[in-house]
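Take a look at the following structure, please.
Labels run A, B, C and D following the written order; every chain starts at residue 1.
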Amino acid sequence: MKILYFAWIRERVGKAEEELSLPATVQTVGDLVQWLKGHGEEYAYAFDNPKVVRAAIDRVHVKPEAKLAGAREIALFPPMTGG
Amino acid sequence: MKILYFAWIRERVGKAEEELSLPATVQTVGDLVQWLKGHGEEYAYAFDNPKVVRAAIDRVHVKPEAKLAGAREIALFPPMTGG
Amino acid sequence: MSVRITDRAFDPAAEAAALSHGRTDIGAVVAFSGICRDSEDGEKIASLTLEHYPGMAEAEIERHVQEAEQRWPLLGVRVVHRVGRIEPGETIVFVACASKHRRAAFEAAEFLMDYLKTHAPFWKKVEAAGQTSWVDAKEKDDEAAARWVRDPKRDAAE
Amino acid sequence: MSVRITDRAFDPAAEAAALSHGRTDIGAVVAFSGICRDSEDGEKIASLTLEHYPGMAEAEIERHVQEAEQRWPLLGVRVVHRVGRIEPGETIVFVACASKHRRAAFEAAEFLMDYLKTHAPFWKKVEAAGQTSWVDAKEKDDEAAARWVRDPKRDAAE
């Protein structure tokens, strides 16, 4: 699965994107964030507060309950501050 | 008293401004409009419907009840359509 | 504040640029342009002619700009209003408000436009199908202006 | 509709002019410019750097422009958003909406700005006093965007 990171989540993880093989137990965006949190020190730092993490599946905003099945690209990022 | 007319009130009266000596009974803007209405055929036409006549005394919007005493310049015009 | 009444065509883009040029304290500019359309209710418009009350028109706009400056934290206001003959595609009125944040700039610009429409002494005559006629005041413009009234007693005279 | 993301400085006045140039059906244009200020909460700002999610940023803006076009009778919409390094005085975002009448143009422009702030995938980093830090999302921006929600079920996923 292709995972993208943006802004300070990207900086904390230390990379802009990566390919990850997710275990079958990771079914939703919320599951993914929890799983990444236990993936190493930099991930623990990046996903310290899952409540502020926003997500998009295939470039469409989704809630933590959203299923990952069929996704090509998952993006995780902090609240947006454009405009 | 200097009286100014604008837009279709000016066109109906047939002049943009005039000096008029008002009788003592004409105390308010409403009195003035009623008095002008009886001032001749063109005035009767211009002030046919006093409800749509707007007024300014010395370049400040006023209501029909406004007193004329002390005024230098009275303007009568239809509802504004600028902008 | 800059308030200008002119009988010449003007460039709203240049007016907007002038408002924030060289400034680094402004975070938001809202610029409104009111443009002469070529038709109204399906009827072709050849031109508009705007009449105004010289002296009062400027004073009335300035008074409303001052009220906007009291109600919102503005960093600049620019108003230009055409008079005389105006052809389709030309700008009739331009209002721009600058502020630190966007909400104040949006609200002040809309407030000024609503008040200009109903309180500034301008009158439009339209030339269509070879005939000229005065434009009727719109009730919805009065309603739009009424949204901004804060003190019914103070505004009762307007 | 024209939506553009660029890493170069651009001229908002020219963008506004392009929207109504040669058109005689447009009666109202509302143009918003969001400009990089030189200070925030009393602290001097040296620059902003904007990061975005390429592909999704354009798609998200276009989706909101389409929603605006469904909600208001618009005759043209133009959005430009900067990315990369931006200095004080430069325009970060430009939104212009054209319509026959002013109310639609004002509302659509404010709607688009409120949604851009909270839904378009852009992130601001600020360089001030020699340090860089990511800008926190503002609760009042969420509240501003929430004003426009019509169908809570449809918008629940956003």
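Basically, a contact is a pair of C-beta atoms (placed from the backbone, for glycine too) under 8 Å apart; a residue touches a chain by one contact, two chains touch by 3 or more.
The structure presented is a predicted model; accordingly, all values stated were derived computationally and were not measured.
Visitor: Could you run down the chains that neighbour chain C and chain D together?
Guide: Shared contacts of chain C and chain D: no chain.
Visitor: Specify the chain most distant from chain C by Cα centroid.
Guide: Between chain C and every other chain, the largest centroid distance is to A.
Visitor: Starting from the mean Cα coordinates of chain B and chain C, work out the distance between those two points in Å.
Guide: About 25 Å, centre to centre.
Visitor: For chain A versus chain C, what separation do you get between their C-alpha means, in angstrom?
Guide: Once rounded, the distance between the two centres reads 48 Å.
Visitor: Where in chain A do residues touch two or more other chains at once?
Guide: In chain A, no residue touches at least two other chains, as defined above.
Visitor: Hey, what residues on chain C touch two or more of the other chains?
Guide: 34, 113
Visitor: Please give the residue numbers of chain D that touch chain C in the complex, ascending.
Guide: Interface residues on the chain D side: 11-14, 16-17, 20, 22-39, 88-89, 100, 102-103, 105-106, 109-110, 113, 144.
Visitor: Can you list the chain D residues touching chain A in their complex?
Guide: On the chain D side, the touching residues are 34, 50-53, 55-57, 59-60, 81, 92-93, 113, 116-125, 134-138, 156-158.
Visitor: How about chain A: which of its residues touch chain D in the complex?
Guide: 4, 6-8, 10, 56, 59-63, 66, 75, 77-83
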